[in-house]
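Should a chain be cited, it is by its letter among A, B, C and D, assigned in written order, with residues numbered from 1 in that chain.
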Amino acid sequence: MQLSSATHMLAAARAEAERLGVVVCVSIVDAAGYPVVFLRMDGVALGCIDVCHKKARTAALFHMDSAAFGQVACPGGGAYSLEQTNGGMTSFGGGLVIRDEGGVVIGGIGVSGARTEDDIAIGRVAVAALS
Amino acid sequence: MQLSSATHMLAAARAEAERLGVVVCVSIVDAAGYPVVFLRMDGVALGCIDVCHKKARTAALFHMDSAAFGQVACPGGGAYSLEQTNGGMTSFGGGLVIRDEGGVVIGGIGVSGARTEDDIAIGRVAVAALS
Amino acid sequence: MQLSSATHMLAAARAEAERLGVVVCVSIVDAAGYPVVFLRMDGVALGCIDVCHKKARTAALFHMDSAAFGQVACPGGGAYSLEQTNGGMTSFGGGLVIRDEGGVVIGGIGVSGARTEDDIAIGRVAVAALS
Amino acid sequence: MQLSSATHMLAAARAEAERLGVVVCVSIVDAAGYPVVFLRMDGVALGCIDVCHKKARTAALFHMDSAAFGQVACPGGGAYSLEQTNGGMTSFGGGLVIRDEGGVVIGGIGVSGARTEDDIAIGRVAVAALS
């Protein structure tokens, strides 16, 4: 994940949040789960910072959006306890996989602070901005 | 969160616990989740100390009472795994948001040691004492 | 450690800090290192919260003031690495042992936020107030 | 710490790093040590990410640049073991306090990845850009 790509996606996420009239924090990590860029909009509940990091890491480390991850990594879901690995993963939406044009995972983005549907929508806009 | 406000709320919580004939520990944190005041009444089970801190932090960091937080941060609740962020949050009652007269979150209070209903009632009396 | 004793010492510590014109946070723990009371004066650097807890715990868990503990628990001091046990102990002044009239350790007090000499002085006044 | 201020400082830090021909990561946190913005330039050693966060937190939580903090928080420095509080603080340069025009601490910036002198120089340029 190049800084230029991450910066471009981050700007797209922020613009979409402003368009929706919500405040969020956004973390973009590389394929190994290490942060590349992060920002927190004014007024976001502070607990969301850790959440957006964990969403991004979940997507990067398991090659799955966090919403899909949450379908299996939950009580009764077939991989219960998976969410407790790797320092804590996220079992609901807002973390999205980032792939290059060849389909290779190059990172993850996590959005937190708004309703889960909005967090996901913001992440989708950011990922789409890469191509 | 000023110390004078926190001290006033703490005294109100303690008085209410004594009126109810229960023993509790009470933590009041600022908007960033840092402790301002704490007390433990004689005879409280020691495990409740960490619980009351986490309740207070949950309310402050997510701008939600811990009872409401627990409605979503639980298996099947829509945000399962959220309770495992930020060093561990609390998914049951006894943590309450503290707001100033303008509605801005200035901290959280956590009460633990009695039945959950009593913990909540004590927290409410403390929060009401601020205004 | 009774809450009434801890509250009395805490008030003495706060009064002494005000007399000296400094701001501090103060933690009082029982003989097992569990918090009994805590307060943070307005304006204390937030990093001092963890420091005062660790000072109080150091005194309670090793039956030594943290200044004396620091003489041995340091590089070249004869017990180097001891400061890294128990979740992190404190190797400088401001943590004091609290004993009952029979000399039995009943807890510890930690003061942080001012110069180390003042932190120690405030702790001494608090301990003296118990008798 | 407003996002607009943090974004402005972050851009200044990045520009200075490019001018010096070095790569770094930069974290800016609020007065409570919570991240506001972060970026990692391409090619920075991954271990530096945690370092820059800890530098920024050290400055914010103790109201001291990390270089000054390291003068006391070290073996023989008078506050040895202080560096092991608050989840790990940093005892060398590259973390700088951010104050508003009235001198109040509003956050901290941490720079890591280049030589310590360059990390510090980059941080200074960023802080100067705020005024």
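The definition used in the following text is that contacts are C-beta pairs under 8 Å (C-beta built on N, C-alpha and C of every residue); 3 or more make two chains touch, one makes a residue touch a chain.
As the structure is a prediction and not an experimental result, all values here were calculated from the model.
The minimum number of touch steps linking chain A to chain C comes to 2.
Two copies of one chain, chain A and chain B, form a contact in which under half of the residue numbers belong to both partners.
For the pairs B-D and C-D, the count of C-beta pairs in contact is higher at C-D.
Per-chain CA centroids place chain A at a distance of 25 Å from chain D.
Remark: chain C and chain D have CA centroids separated by 30 Å (rounded to whole angstrom).
Spacing of chain B relative to chain D, judged by their CA centroids, is 33 angstrom. Residues of chain D in contact with two or more other chains: 32-34. Contact topology of the protein chains: irregular, matching none of line, ring, star or complete. Against chain B, the residues of chain A that register as touching in their complex are 45-48, 50-51, 54, 70, 73-76, 83-84, 88-92, 116. Against chain D, in their complex, chain A makes its touches with residues 2-3, 6-7, 32, 34-42, 46, 49. Taken in their complex, chain B has these residues touching chain D: 30, 32-34.
Taken together, the chain D residues at the contact with chain C in this complex read 31-33, 58, 60-63, 75-76, 78-82, 84-86, 89, 105.
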